[in-house]
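Each of the two complexes below includes chain A, the first together with chain B, the second together with chain C.
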Partner chain A sequence: MTEPIIRVEGLRKYYDTTGGFVDRLLGNEQLVKAVDGVDLELYEGETLGIVGESGCGKTSLGRAMLRLIEPTDGSVYYHGEDLTELSSRKLRAVRKDLQYIFQDPLSSLNPRMTVGDIVGEPLDIHGLASGAERNERIYELLDVVGLSPSHADRYPHEFSGGQRQRIGIARALAVDPEVIVCDEPVSALDVSVQAQILNLLEDLQEEFGLSYIFIAHDLSVVEHISDRVAVMYLGEIVETGTTEEVYQPPNHPYAEALLSAIPEPDPLWDGDQILLSGSVPSPLDPPSGCRFHSRCPKIIQPDGVDVDPSEWRSAMNFKHRIDDGSSVEAVVARTRDEDPAEVSRERLDTLVRSEFDLPDRLSDPDLETAFSEAIDAVHDDDLDAAADALADRFRSPCEAEPPDAIDVGGGHRIACHLQDEQYADERLRHADHAD
Partner chain B sequence: MTLLEVNDLTVEFYTEDGVVRAVDGLSYEIERGEKFGVVGESGAGKSVTALSLMRLIESPGRIVKGEIRFDGTDILELSESEVRDIRGNRIAMIFQDAQTALNPVYTVGEQIAEAMRHHLGYDDEEARTRAIELLDQVGIPEAELRYSDYPHEFSGGMQQRAVIAIALACDPDLLIADEPTTALDVTIEAKILKQIEALAEEFDTAIQLITHDLGVVAELCDRVMVMYAGQPVEKASVEQLFYDPKHPYTVGLMSSIPRIGDRRERLQTIPGTMPDLVEVPTGCSFHPRCPYAEEACRQTEPQLVDPDTGDVATDAAAERAAACLEYTGELTGGLDYEVTVEGDEQLPIGDEADD
Partner chain C sequence: MSTQRGRIQISGFDAERVSDLEDEQYDEQPRETRSRWQRAFRRFLRNRSAVVGVVVVTVMVLLAVFARPIELMGTVVQPFALAPYDPTTHQNLFGTGASSYEPPSREHWMGTDGASRDLFSRVLYGGRYSISIGFIVVAVTASFGLVYGGISGYYGGWTDELMMRIVDTIFAFPALILALVIIATLGGGYWQLVLAFSLFGWAGYARLIRGEVLKIKENEYVMAAKALGSSDRRVIFRHVLPNSMPPLLVLASLNIGTVVIGVAALGFLGLGMGTGTAEWGTMLDDTRETLIQGPDGQIPWWATVFPGLAIFLFVMSMNMIGDGINDALDAQETGVARGGEGE
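And now, the complex of A and B:
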């Protein structure tokens, strides 16, 4: 395979949210791990899509790559040169080849500058053109992105959202870059305009031989435009591969859930949506082991346990709630008629089972025993004891060890324990279950 | 039974640039318990329509004509205090941006309880318990503890759930959801949509769902109205709309969305953008962007007609209508598009879908 133009190795970006001097002194450091050890390659002329939910660190990754924000750790090699090591003077020279398109076209365009000056500014900064040549170039750029040269004297507020995004693209193109990082370039646009901009980006790629890093939360848009895709979850890349490898069929349980959740524009379509339990955990304190384990519908069962995957998921949800909770009411909500702290042991048992969607008896007797002990403890309002009762049986290898990104062939990397040979049986269980 | 009947609703805004007719002669009706979708791009007049139903149009906007019959009474005729009894009680609204819909200085629970104390006359304790129950119902874990959280302590998805809880607090007859999931991630979107659907079923609430996302419409709605530049351009059942669209704008919208598994190299686009409502094009307002436009489209403004018979179908009860000159025989070239459905063995709507 050819050398990538950009190679990212172990890139990290932590934000310090420590309250202040005293906190720091006391060692109460709080770090948001927005990007946590990302490896990526971008090859010439391709589009690499980066997808993930909001808060997963996509934008931080894009910005840290070009050093628009200073990375905490790691390297970004551009033609073999480490961007993180460059002096600011050298970096400015390199930036000519690395450009960025922002999500919100209005806030990224200076309202006091005419469109001509906005597009011409990079030419001035890099000393690429001046005088008549500069104007010539500006008109040419506006023409390339589908605006008219007469627009050069107008201000950004006079344009529609789609046209503003075109101005942003013209500005990025002004310096004749090699790589453009597009951060959600179409998410603020109406669908019909979105399609125009996507087509424009593709045309420009062909014409100027650009390479794109395309950051978006919309999986259909990413699938449409990308050659390769990286799926991101809580600061980590969980799967990288060609668009087809990642989408058809999805391999990582997270990618699978994301894909299944897209509302299909077809009223008679009746696919099974995978609804993830809970919401994205805080990047301040990400889950141990595999970061997706707290929501994963295919979380691995330990040796000696063999139950239905959805039952196991519910059981683990129950355990997490016990671990994080502080009182009975954190486990089962109080209703108008009932206070879970007051009800009988029997009733509490029923309430918990219905809250977590657990069967009347867990299908594994050992699990049932542990569960029963935990309910006793919860009834006594002793959540620590409940947590102890569950600790032994209710655990998964996914919680213990972070999965390595396993190369399943041709640069298709998946970071999931299910890819590991020692859990081959688990894969079979899910395959059986799907049938 | 008809719950809501909107007749010839017209809303104008008086701006420095001139009069903007944001909604122009809109008629539709929603049955009890029905899920009705309103689709269009920004500037189509979807949100103004929704605000009109609650009589929340503020200066410089004005409802210049039309009637909005809710359960038989014309909302536009009511006094301000009578409208207040309906607002939040019998008609409730879910806004797109939950963060701005919630008051940052009151706890989330208090905001849910407030509506019930006001409209249903609950005392503090009753309202509190019911609010916790609602929070639990919309899927907020540890509802009891979360009751006294402030909105900023909730994540985006949870804020939207809280807004839904407020909307459902008084068991409304009609729920207006204005882009309820646009600001959310797909995984949360899927859950919220399921929830809205389930709750609407449970409470037998009719929904008017406003969205630009055809995927959301396909998933949730029974009937759909497509709007363009303040006017309805097509009304249909959701199956008809997707498998047998009759208006070129609807067709354009559908073909411009990228879909998973679609191997098209380029997306089809609708050229240009929605017109400025100060200067709406003559004739059919879509003609400058329409690939099938002819001279007639510049001259004559099309009415909503039944696409099969060509009869005028502008009244609220019309089930199937499209505003295109094609259906009154005024186009010479006709509309040249076809609908293909991939991966499906058969089309549900007769044979005409492949025309």
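And now, the complex of A and C:
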């Protein structure tokens, strides 16, 4: 394969959410790990889609790549040159080749500048054109993105959302870039306008030989425009590959859940939507091992345990609740009319099993013993003892070891233990279960 | 039922047709780019109260300039004299023979003051001190505050922390007290007054601009400018500060009035210009005994009303101008009347 135009290695972006300088003095530092060790390649003329749910670090990744926000660690090589090492003067010169299109087309345009000045600004900054030539170039750029030259002396607020996004695109094109990072460029637009903008981006790519990094949360949009796709979860890339590869099995369990959620217009379609339990964990304190283990429906079972995957998932949910909880009320949160701290041992057992969808007896006797011990401890209001009771049996290799990205063929990489030969039996279990 | 996707395909969306549709709306001829300042100016001219303010201030400035001839290093640069008398001439001794506190008449349009000087001439001439101090002080403090606040807000962190603690210290003292202290140390006089109001007067602008900058720099267009390769200086001066101008202009125009009132206040306390100077505040001070009781139990209202009216008119007009500037520069202003306002 040819040399990538952009290569990202181990990029990290942590945000400091420490309250103030007093907290900093006391050492109460809190870091939000928005992007945590991302590797990516972008090849010339291709579109790399980056998908993931809100708050998984897509935007931070896009901005840290172009050093619009200062990355905490890692390198971004553009034509072999490390952007993170460049002086601010050199970086400004490189910006001519690397452009960015923003999600919100209104707030990214200065309300006090006319469209002509907005599109002309990059020309001024890099001294590309002036006077009549500058006007010509502005009119030409507006024409390229489907606006009229007569719009040049209007203000951004006089335009519709789609037109504003066209202005943003014209501005990015003004410097004749090689790479454009599109940060959810169509998320703020309605569907018919989305199609126009996507077609425009594709036409421009063909005309000017652009490479795109296309950040989005809409999987259909990404499938439409991307050549390759990277799936992000909690600041990490969990799967990369060509669009065909990522949209077909095998998948990372998270990507699988995302794909199952794409709406299908066929009323006779009866696909299974995979509902993930819980919500996205806080990036302040991401889960150990594989970051997805706390929600993964295919979480791996330890040696000697062989139960139904959904039962195992529920058991692990119970364990996490015990680990994080501070009181009995936190463990049994769904009851309204009963106080879980007051009920009998048997009643508590029933409540817990119904809350976590556990069967009356866990199918593995060792698990059942550990579970009973934990319930005893919870009944005594001793969550630490409950956690200890569970620690031995209720554990998964996914919690302990962060998975490596494993190549499953042709550059399609999945960061999941299930792809590891070591856990091949586990793969079989899920395959059997699916049938 | 099936789990296979894609059995229904949606077609018929013709991108060509959509772009053709759009083109039809855009068939106007290109015009020359009109800058936002030109637009703002036109909007300003449509604002009646602001135009009245400008007219009043302009007239007062012209009257002050042309009240008496101006000499610079021996040569007369401005030969006109609109004021009928010299503002310092005692009319009972050297002029028309009018006594002190003569009521307004055809000879003395605003009457005379306690030292039988012509009040009309003094009010015209007095604008020279008050107005020029007002404009100079505001120009100096606003520019300094703009840069100070801009740097503090844009760079943030420790820079901001340190710079704002200095501002806090200044805010700990009432502005007029600080001015008083400086005048008491340096003595009265024109440049002493300018210094008294400038030395600490920038703090308000700095605080305002810093807040504006903190707000504005979160906007994506600031990041967009950086993404285009703008230098910090360009980002600050082209994107951040212009967007923080409206509140600054409003504060500045209000502050011209405040400074004029401050100068008058110091004058009224006998601390501004020397006694007998034709400065509006000092004139009020010279005649303040008339506020309570004049000779013969009469109150010579003209001695205080006319200088006071001059101060009022000027400050009021400046405020109307400030409002007009704000509305004109606000690019989002749609021209739709709010509440009971008419266009």
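We adopt the following convention: the second predicted complex is superposed on the first by the 423 of 435 C-alpha atoms of A that agree within 3 Å, B and C clash if a C-alpha of one lies under 4 Å from a C-alpha of the other, contacts with A are read in each partner's own complex, and residues count from 1 in each chain.
Here is the rule we go by: a contact is a pair of C-beta atoms (placed from the backbone, for glycine too) under 8 Å apart; a residue touches a chain by one contact, two chains touch by 3 or more.
Please read all numbers here as calculations on a predicted model, not as lab measurements.
Engineer: Could you look at A:A195 and tell me whether it touches chain B, chain C, both or neither (first, second, both, neither)?
Structural biologist: Both partners, chain B and chain C.
Engineer: Name the contact category of A:L109: first (chain B only), second (chain C only), both, or neither.
Structural biologist: A:L109 contacts chain C only, not chain B.
Engineer: Please work out whether A:P149 is in contact with chain B alone, chain C alone, both, or neither, and reply first, second, both or neither.
Structural biologist: second
Engineer: Would you sort A:F394 into first (chain B), second (chain C), both or neither based on which partner it touches?
Structural biologist: Neither partner.
Engineer: Regarding the shared-chain residue A:R171, is it in contact with chain B (first), chain C (second), both, or neither?
Structural biologist: After superposing on A, A:R171 lies in contact with chain C but is clear of chain B.
Engineer: For A:Y43, select first, second, both or neither according to whether it touches chain B, chain C, the two together, or no partner.
Structural biologist: After superposing on A, A:Y43 lies clear of both chain B and chain C.
Engineer: Considering only touches as defined above, state whether A:F371 meets chain B (first), chain C (second), both or neither.
Structural biologist: neither
Engineer: Using the touch definition from the top, say if A:Q99 reaches chain B (first), chain C (second), both or neither.
Structural biologist: The answer is second: A:Q99 touches chain C but not chain B.
Engineer: Of the two partner chains, chain B (first) and chain C (second), which one does A:F356 touch, if any: first, second, both, or neither?
Structural biologist: Neither partner.
Engineer: Could you give the residue numbers on chain A that contact chain B in one complex and chain C in the other?
Structural biologist: Residues 192, 195-196, 199, 262, 264-266, 268-269 of chain A touch both chain B and chain C.
Engineer: Would you tell me which residues of chain A are touching chain C in their complex?
Structural biologist: For chain A paired with chain C, touching residues are 21, 63, 66, 68, 91-93, 95-96, 99-100, 102, 104, 107-114, 116-117, 121-122, 125-126, 135, 139, 146-153, 155, 157, 168, 171, 175, 192, 195-196, 199, 262, 264-266, 268-272.
Engineer: In their complex, what parts of chain A are in touch with chain B?
Structural biologist: 53-54, 160, 162-163, 190-196, 198-199, 202, 217, 219-221, 223-225, 247-248, 257-259, 261-269, 273, 275-276, 278-280, 321, 325, 329-330, 333-336
Engineer: Could you pull out which chain B residues touch chain A in their complex?
Structural biologist: 41-42, 126, 129-130, 132-133, 135-136, 141-145, 155-158, 185-191, 193-194, 212-219, 238-239, 242, 252-254, 256-262, 264, 266-271, 273-274, 341, 344, 348
Engineer: Taking the touch rule as given, give the residues of chain C at its contact with chain A in the complex, in rising order.
Structural biologist: 1-5, 7-8, 10, 13, 15, 18-19, 22-23, 26-36, 161, 219-221, 223-231, 234, 238-239, 242-243, 329, 331-332
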